[in-house]
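Notes to accompany the following structure.
Each chain carries a letter (A, B, C and D) given by its place in the written order, and its residues are counted from 1.
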Amino acid sequence: MNSLVFAVLALGGMALLAGVALAIATRVFHVEGNPVAEQIDHLLPQTQCGQCGYPGCTPYANAVADGSADVNHCVPGGERTMRAIADLMGVEPKAVEEAAAEPMVAFIREDECIGCTLCIKACPVDAIIGAPKHYHTVIADHCTGCNLCLEPCPVDCIDMLIKPELLEHWSWPLPDTERARTGLKRRSQHAQAA
Amino acid sequence: MMIHLSPPHHHGGDSIRANMLAVILALMPATACAVWLYGWLAVWQILTCISVCMLGEWAALRLMRRPSRLHDGSAALTGLLLALVLPAAVPWWMTVFGALFAILLGKQVYGGLGYNPFNPALSARVVLLISFPLAMTSWLIPATGSGGLDVYNAAQTLHFFFAGTLPPGLSLDGITAATPLGYTKTDALQGISIPDSLATHHYSYIDAFIGSEGGSLGETSALALLLGGIYLIARGVIRWHIPLSYLLTVALLASLSNALAPAHYAPPLFHLLAGGLMLCAFYMATDPVSSPVTARGQIVFGAGCGLITWVIRQWGGYPEGAMFAVLLMNCTVPLIDHYCRPRVYGYERRP
Amino acid sequence: MTEFALILVSAVLVNNYVLSKFLGICPFLGVSGKTETAIGMSFAVMFVMTLAACASWLVQQFVLVPLHLEYLQTIFFILIIAALVQFVEMVIHKSSPVLYQGLGIYLPLITTNCAVLGVALLNVQQDFSFFSSALYGFGAALGFALVLVLFSGLRERLAAAPVPAAFKGSPITLITAGMMSLAFLGFSGLVKV
Amino acid sequence: MRRLLEHIWGRKPFDGGVVLDMHKDGAQVPITDCPLPEVLIHPLKQHIGETCKPLVAVGDHVLRGQNIARSQGYVSAPVHAGTSGTVVRIEEHPVPHPSGLGMLCIFIEADGEDRRQPLGVMMTNWLQRDPAQLRERIRAAGITGLGGAGFPTFIKLLRDQRHPVNTVILNGIECEPWLTHDQRLMTERSDDIVHGLAILMHMTGADHGVIAIEDNKPEAIAAMQDAIHSWQCECEHIASTSVRLEVLPTRYPQGSEKQLIQAITGKEVPAGKLPLHVGVLCQNISSTLAIYRAITAAEPLTERVVTVSGQGMPAPANLRVRLGTPIRYVLAHCGLDQLDGMQIIHGGPMMGERLKHPEAPVVKSTTGLLLIPDDTLYAEHQPEEPCIRCGHCGDACPIRLVPNLMADLIRDQQFEQAEGYQLFDCIECGCCSYVCPSHIPLVHYFRYGKGQLAQLRQERAFAEASRQRSEQRMARLEQEKAAKAARRQKARARSKVATRTADKQQEPPA
């Protein structure tokens, strides 16, 4: 009986001691906000396209950081972004649901534009300029190709064009060797299997 | 689809096959020595090893539906190396097991040539040693030694190798003897000092150098191994960094310890000529796939091998530490590669 | 002096916790994917193990033995380890959020890392002095760290290898760990403990 | 003393490198003129840096040497008309570039008169001129590094008080196999080259001039020796300066600026810096001649010497070609009308690019045109085998990289880690690919990695800019909403007051 009391007391005292020490430590090492969300946000392509199901890149980054979203929802970011996020989060990479399309840029056929400003309001990065009742135009250098302006246009005068390939922006493709290709295939298979 | 070919539009003509064949050629003196010492037994051993390795490689690649790589000679080289580190009296099924282990678990499981982190031949050797310690430490007395065995003709060796039956009137104990590393170790346990131990067993440096004493098939003759090693370095197939730093480390540690306590520590020359050190230093540690790529890394690697070899020989449970040392250092290769990069042109410090 | 050196060599190389005693395999396989994470984990384990060895020795000598509560060893030791791990977790969360993410579930799982508890229990079993147990704890952690970092290097290299489909992932990792264990067998007999 | 020691120890003049079969078939062939084609094609960018802006319109008549495209930005070089004639088109046309893509080019139809427009006065008294003035002349002449890289020359001639230049090195190494144009120029125009060197020394204030030649060009060495001697007799008054000839053992890539500087001075150019920072100016032989002509004859860069050679070329030639001449025309002049089954390499075999369109013109960086039969070329590019980590690539690397590890990282798409292995310091000399027993196209991997990294950077920058714009928009919307809410509240308050005053008896609705 006595020893049982001792045991309970000793264990309880020990636990209390540890609890108090940890409580103090919590105060000292308190972490503000979620620094990982910010890092994820910097990896995202910032198209603000909403294809991930979140209203923009930052909300998606927050969702990934607190674990409520998977790492593979960013379509324009493609496999590379997914891998970078998976790397950061320390989780297994997963296949991105849709293949990223070629980089696109919006173009407004100005003779059909009625100047309704609906696309201007829809553009998440302010890449369309124009005033009511005047032609609108897309600043091609600012357009992220998110397609968000297509929907609201009442006269369907917006086209998505493939960005032209310029000599200055050309870069060497992967060597066309069996080994390089199988390497690439292996990676994508791995991503799909996971 | 346009194929982009990057310069250089010119190639030096070197190939994997040429490199592998050069190593096989460099091993020829040691192979000849093995045949000289163990006669037909060595021939059966080597042929079994090489053919099983090549067969294993062919079958594995076939199963995985990958193109055959038999032509590059790497499987044959693994087989030859494995045969040379096996004792002569090993039965055929152990040889086959070792060869299959080397090719399948040592190499093909990792994706084949170029990806194995451990030297295949050595890992097979270590597995055999741990699984069959008795068979792997029974050393036949060479034909040139005192035994005068008639197991060395073709028919009887075949019988011995495949059926395991000795000619009448012979027992395995009668035809085996301990290696210098073995008897110095057991003697040391009984409190006999190294010089005394060497004297009682009539140890001679000349014998050890030429190789007319017990040991694994190909590791006895330091001379033959040295010849091949120098040929490889001269041809530029391997670099001097690993063998030199390996041997120098062993020699340095041995001379220091020997100078301090000659009764307990063997002299450097004994260490250099004994066991599988020469073979490991020139052919196993320098296996390009499982050793570091940079010169600095290779020196670190060699020194690490030397240190571990000497420590295991001196204090470990096993008489010979060279193969363990190489395998252990193989584990460290990715880190050595990463941290021992040379200073890049135009930078003050190394990365 | 020699005794301490032997304890250290024995804990790091000969009786390596991962490769000879096969303790702590879970984090060994779990966080060895990347070298950076492995190094972070190594430090966390080193910290926890050394302190746990010290603390458990103190508890054993000054609480359990006087009160004759040796049968509660395991619970007490786990309590200490859990508190330590919680503390380390907070420190890492504050100082390196990325490492915190990288270690993920394996960080709190140090609590149930059998290697840590193993050190505490073995110390008691072997009747070590305070300094010896601290050294043994540190040595075991060092051995764990050494093997973990080496293994992570190998795994990084394996990640790029065209391993046959059947052996991808865990099989090849276990085979490699087995190979390492084979190599470490070379150290057997180095120290007669 | 250092040299003597090196000789005894047999030290290599620089790290790594390889010894190649030099195939200098055209070494004995004198330079001849390539006739003028009917139409010259001038791409708007023939250098490293910004693209030029056309100064002429279709229909304009231009003279040879007239500036037809103005440089944009600092790192740029203007383009000059190659002959007198009419601008007929300004449109996209294939240029010598590995992508095979086109670029905006100015087409000039020759009128056959080839009338010149000089750059200004001929500065024969250059010794009295201000170096800044000479530098401006070199810039206006559109001279770029004619060794193949195409870096605008005038930038290197900056006179910097903090980094005084004490040595000017003339790069007569020509370490690429087959190419012989610099060798011929040194043999035929040695005096002009020495004068060019003197101009460079005057401009930079350097005391030492070194002409570096590899020991496989005895004729060029002899000619340059004579030229130096006669120049020294001629200008005894400039006693403080010294000009010497340095004969180096043949080794590729000694002609690379950084390696040559290391071979001659023993110093390394710090990463990301110009040779200026170690007190050295390095100039190509052809560029030096162009500088000499630009200053003493007021001629802008409108022609260069091109070696036409290769296994598929029956008679190698060294041709003085007008810039803008279509490559097909040059080859036709050399007797090659039929290009089927032939590959054209633009430059040397180690660093030159496979030309996709023979219609592309000769540009400032065209050092040579090599004709190689298809089979021969493909035999050099064998299929890639697994890396056996032999480390030969690292031994051959002149800047001590670890190519196989870098290629592994790039193949695994780990570009940032590859950058940590100093990927961007790779000079793409091709030594690693040349020695690789597994035929791994290492340089190709590095180019791919560099391209991907550049793309990644660009995407990151774009994403960052987009994010900022998005945040600004959010802030603006937020503000507008707040303003609207405030207005509404105010309006409601006002209407409330109004209702109350209008209808005092009634209770306000809940």
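Everything below uses one rule, namely that a residue touches a chain if its C-beta (ideal position, glycine included) is under 8 Å from a C-beta of that chain, and two chains touch if they have at least 3 such contacts.
Remember, it's a predicted structure, so these values are computed and weren't measured experimentally.
Where touching is counted per the definition, the chains common to chain B and chain C are A, D. Separating the centre of chain A from that of chain B, both taken as means of CA atoms, is a distance of 53 Å. With centres defined as mean CA coordinates, chain C is found 37 Å away from chain A. A straight line joining the Cα centres of chain C and chain D is 56 Å long.
Shown for chain A are the residues in touch with two or more other chains, namely 172-173, 175, 183. Within chain B, residues 4, 6, 112, 115 each touch two or more of the remaining chains. Under the contact definition stated at the top, the residues of chain D that touch 2 or more other chains are 98, 385-386, 411-412, 441, 444, 447.
Judged by the touch criterion defined above, the protein chains are all mutually in contact, each touching every other. Residues 51, 95, 97-99, 101-103, 383-386, 411-413, 440-441, 444-445, 447-448, 450-452, 454-456, 458-460, 462-467, 469-470, 472-473 of chain D are the ones that touch chain A when the two sit in their complex.
The part of chain C that touches chain A in the complex is made up of residues 37, 59, 63, 67-69, 72, 75-76, 79-80, 82-83, 86-87, 90-91, 93-94, 97-98, 101-104, 160, 162, 168. Partner chain A is touched in their complex by these residues of chain B: 3-4, 6. Per the touch definition, chain D reaches chain B in the complex via residues 15, 18, 20, 98, 100, 177, 258, 262, 268-273, 345, 347, 349-354, 356, 372, 377, 380-382, 385-392, 394-395, 398-402, 404-405, 420-422, 425, 428, 430, 433-439, 441, 443-444, 447.
By the touch criterion given at the top, residues 35, 149-151, 153-154, 156-158, 161-164, 167, 172, 175-176, 179-180, 182-191 of chain C touch chain B in their complex.
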